[in-house]
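Listed next: structures, encoded as structure tokens.
Shared between the two complexes below is chain A, which pairs with chain B and chain C, respectively.
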Partner chain A sequence: MVSPDLPHFLAVSAVLFSLGLVGFIARRNLIIMFLSVELMVQGVALNFVAFARFRGNLDGQAFVLFLLTIAACEAALALALILAMYRTRSSLDVSLWQDLREEDLEQVTDDEPLPLAPATAPLPQLPLAGIAPAKPEEPNRV
Partner chain B sequence: MLGMMEAGAYPWSWWVLGPISLGFLGIYLLLPRPDGQRTATGSLLGVLGIAGLMALVLGGVIANVESLTFCVFSGVACLGAGFLVTLENPARAALAFVVVILGVAGLFLLAAAPFLMGANIIVYAGAIIVTFLFVLMLAQQHLPSDADSRSREPLLACICGAGSVLIILLAIGEDAGRTESYQEGFEARALVATRAPVAPFRRVGESDLRLNQGGVPAMPADNTAFLGATLYGRHLVAVELAAVLLVVATLGAIAVAQRTGAGGAL
Partner chain C sequence: MFDVSIEGIQTLGLLIPALPLAGAISCALLGCFHFGKWAPVAAGSGVLGGFMTALAVALSVSHAHEPITGTYGTWFSIGNDAVGWEFRIDALAGAMTAMVTFISLWIVIFSAGYMHDDPGEGRYFALVSLFVAAMAVLILAGNLFVLFLGWEGVGVCSYLLVGYWYAKPEAAAAARKAFLVTRLGDIALLGAMILLGCHLGTLNLAYEKVFSSPLDPQVVFFSLVLLLIGAVGKSAQFPLHVWLPDAMEGPTPVSALIHAATMVTAGVYLLARFFPGMTGTSMDVPRLEAVASVQDIAGGLGAATAFLAAVMAVGQWDLKRVLAYSTLSQLGYMFMALAVSGDVRDEHTPLEVSSMAAFAAIFHLLTHAFFKALLFLSSGSVMHAMGHVIDMRKFSGLAKILPITHGCFLIGALALAGVPPLSGFFSKDEILIVLYEGGHSDSQRSAYFSILFWIALFTAFLTAYYTFRAYFLTFQGQLKIPREAGDHAHESPAVMTVPLVVLAACALLVGLLLGPTGSLHHFLEGTANWKLHESTFQISQPMILGTVAALTGIGLAWLLFSRRDRLSKPLGALETAAEARLYIDDIYLAVFVRPLATAGRAMGWFDRDLFQPLVELLATIPRMIGGRFRSVQNGLIQFYALAMALGLIVILAMFTVAR
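For the complex of A and B:
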């Protein structure tokens, strides 16, 4: 290979798309799920640009520009929806919404307990403002 | 299926199964779970997978500048994608997405799309990520939490992703046998296009990428002008529709996010 060819671009976008797929299926935070979808969109956009380059035709790039527009609209709407969902359940966990499933599917419960939060060092205690801390007297006065 | 083995100049046929399974095993080990991520083993396997896949896909690479930059940008993009999927802290995952955007923007530049590179960085890294970080900071949860420290079906998800990338790569590898003819056809068309008389406002289409002496498309600086001509020539109605769509989405976002009645406080 002298310089990257069409299959190399396609391979990179396949990897990006599949990682986005894994993130969308496996993660439970609503925002990370949305970012995974954006990752898949990036893979597809790379496909379009690579085909535009190797077909010598700019329609692919124009398509990616529209894809950017759609992604911006999608982000605005998704943020509004996520905000509304956060207000009702006060968590970003998507499993809190599993009552939206079909009725004959059983609910998934988390069996393993969460680990304890790591202990943080206590904050330093400062004296109240306005009161001078007691200072040891200096022994040698002139 | 066996015919894929001897297909083409791209020698990755079934060999891609190795690095792909390594990489997705690494992702599986790295996905957040209550009893702790296997950070060391998982990241080692993930890096091995990316490196192996790159070595297989690039084949016997002659190190010139273009292929080296291609390696760097694609490696950055894939690493950032791995971090986005596996980092437990959502704010860090959002920043990993910025890394993906920068890598993909570099690949856009290599694929002769300088305007899209800038637009991608501005729209994604500049606008979308900032608003997402804003919401993340509003809805800050203390780790570990149900949302961030657990994964749904990590094993099945990784098998699904590995199968997806395997199928796509095998399809590309099978098609790669026909790539030479594809490339030849493209060059023939490009040469015809350069022989045609060039009018100041010629019809935008067949071959607008600038060609170098060999008749192969070089990385052109005036692609942006041709992109503008394409957009406002053939796709004018779509541009107007996109403007309408943006206005509608803005109104919809305001309507959805509005606090109604005695909703909870954020």
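For the complex of A and C:
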């Protein structure tokens, strides 16, 4: 059994990062893109840990702790944003959001767009906190 | 008379502007919180406080022959030089502040009736109080910087008050004109300060220091000329007189306050301080000659103003404008008096001669303030009754419905005409005597003073004529009331008539009390840098000539206007020219305003049609380059990500190659 050396770790992290990058560029589904970003972050984190291990100090480990914290926050925010975006356009296709292009450019349309989500019943709206929800009409009692 | 310690006088001196200032602040606050109807009370009490303290100061400094200097801290300092909040309190300042605050007090009371129910009452009274405070600072100032503060303070208050009805285009234009024309003078005053500061090498321009420092005669000459230009602007003398008649667009009590009693007298006051002061006690002939030549200029301008304004007043149909031109004319009198200078060969020293001349000017200033404020307020009362109509062609015979106003106006008119024994007689007489004596002295300039004397005498005749022309047109003859007055043309309420009666009593008595008894002479003997020689009241030739001129003028007005066709122009072409203000405004329009406007339009053309396209041409180059790359911003996230990744690869490749 050969104990892994620094280049091995770096190779794995480079593979992780590249997979993430390719995924981010090639895929259109917002959730997949988000997961790809996570993959890139993990690749970087692995880099840090590997260097910390082979240089013999804890600086890299400390960075990774921060990285994990931030990744957690980012996940919460990103998922919430994705949900909100999904609600407005009923689709996870990233190419539907091109509003920040130059004014006089045409919108780029796909030849094969992602299928729209099937129409579902609207999500239930929660009442304001502290107000009792309206009860459904009781059926007539005879 | 009063026994107040020096510290006490210093404190009281500070209170003279401070109390009206406090009144101004309270008025502004009341106005902000919709309690504007209480503003007259606040303003009145502030000004009343100012008057009480001014009176106390005047009575307590009358016997101190040294000026009392109060320093209330440092205003600003540059390097080792500091300019302090310095007041200089002496008899002249005491008399002036007492007069200003007294008249302002009655004007505030009159305004309470005149401006009743005006939506801007808070603003109006705040400005009036602020004006009084600024005027007090101007009078009490102990150095040129504090003087300049007061000088600009009255200027800005005058601008705001003349333009009080700012929605009216004429009022806004008049305010702008007043501000810009007086500004020319203000720049000259600033120039005088700079000149004196440069030559004294200090910012400490206290009067005492300026007067007592040895200065080059040329510096004396030019600094006095600049001060004279400043005074000419503020006191509306000949080349810069055009703003005052237009300033009548403001509310009438403002005309009484600013354009009769206070602000326009600032120039006379300044020169009355500086001509005798700069003459000094030393017999330095080149310096005396320098001061005297500036005095000659002042006299020439004064004579031109007095005469031209009197001629212009002859043709005016607007009652307030007649009074405005008479103010110009009377200020011209004061400038003429200030012109009298002495010569080392004279019986009296040059300082004594200049001091007597300044005394005559200040005496006329004081009495003029009373009767001119009275006349303006009376015309305000007429306007109030006539529904704000002031054209004398539209009303007549008002003596029947406005008995109190009529009586007060008559007293004011007699005083202005200089009929004995009213106040104007004594003070005008004093000026005539000074000029007459100047004309009969050994001085080289005696011929010049004689000419001034005859101009003054002829102006006295014109004054009486146009004043009584206005009186006969307004108050005598058939009763005629303009439509704007409605059926309610009636005498003004007591709050307006009481100030009229008080000021009428003053116009009747002030001259008699101050002049022939010698009490003002005695009082002002304590003025710093003045030296008055004894003079006793006696019937003299100029006095008789002056009275005859006044009575002739009144008689001529009576002949021409009491019975004949009232709207005729008995003097023909002269009156037409006078009505058009002797075309001076038109000349200014053609010579200064129009060319400037044309130049402005040419500049505008250059800017808009020449430089603008040039600049825009330059701007198109980056716009074109940018346009090439704009399509990169297509809004696709993945495109951006790809671009970043490729960019990163390129950079990394470059690094690798570079190694």
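Just a few scattered comments:
Just so we're on the same page, the second predicted complex is superposed on the first by the 106 of 142 C-alpha atoms of A that agree within 3 Å, B and C clash if a C-alpha of one lies under 4 Å from a C-alpha of the other, contacts with A are read in each partner's own complex, and residues count from 1 in each chain.
Simple rule for what comes next: a residue touches a chain if its C-beta (ideal position, glycine included) is under 8 Å from a C-beta of that chain, and two chains touch if they have at least 3 such contacts.
Because the structure is predicted, anything quoted here is derived from the model rather than measured.
Of the two partner chains placed by superposition, chain B and chain C are both touched by A:Arg28.
Once the two complexes are overlaid on the shared chain, A:Asp99 sits against chain C while remaining clear of chain B. Once chain A of one complex is fitted onto chain A of the other, the partner contacts of A:Arg55 are limited to chain B, with no touch recorded for chain C. Contacts of A:Ala129 after superposition: neither chain B nor chain C is touched. Between chain B and chain C, the partner in contact with more residues of chain A is B. Shared interface residues of chain A (contacting chain B in one complex, chain C in the other): 21, 25-26, 28, 94-95, 108.
Per the touch definition, chain C reaches chain A in the complex via residues 630-631, 633-638, 641-642, 645.
Of all residues in chain A, those touching chain C in their complex are 21, 24-26, 28, 33, 94-95, 97-102, 104-105, 107-108. If you check the complex, the residues on chain A that touch chain B are 1-12, 14-23, 25-32, 34-36, 38-39, 42, 45-46, 49-50, 52-59, 61-62, 64-66, 68-77, 79-84, 86-88, 90-95, 108, 110, 112-115, 117.
Of all residues in chain B, those touching chain A in their complex are 10, 24, 27, 31, 33-36, 53, 57-62, 64, 66-67, 70, 74, 77-78, 81-82, 84-85, 90, 93-94, 97, 100-101, 104, 107-108, 110-113, 115-116, 119-120, 123-124, 127-128, 131-132, 135-136, 138-139, 141-154, 156-158, 160-162, 164-165, 168-169, 172-173, 175-176, 179, 182-183, 186, 189-190, 193, 204-209, 217, 223, 226-227, 230-231, 234-235, 238, 242, 245-246, 248-250, 252-254, 256-257, 259, 263-264, 266.
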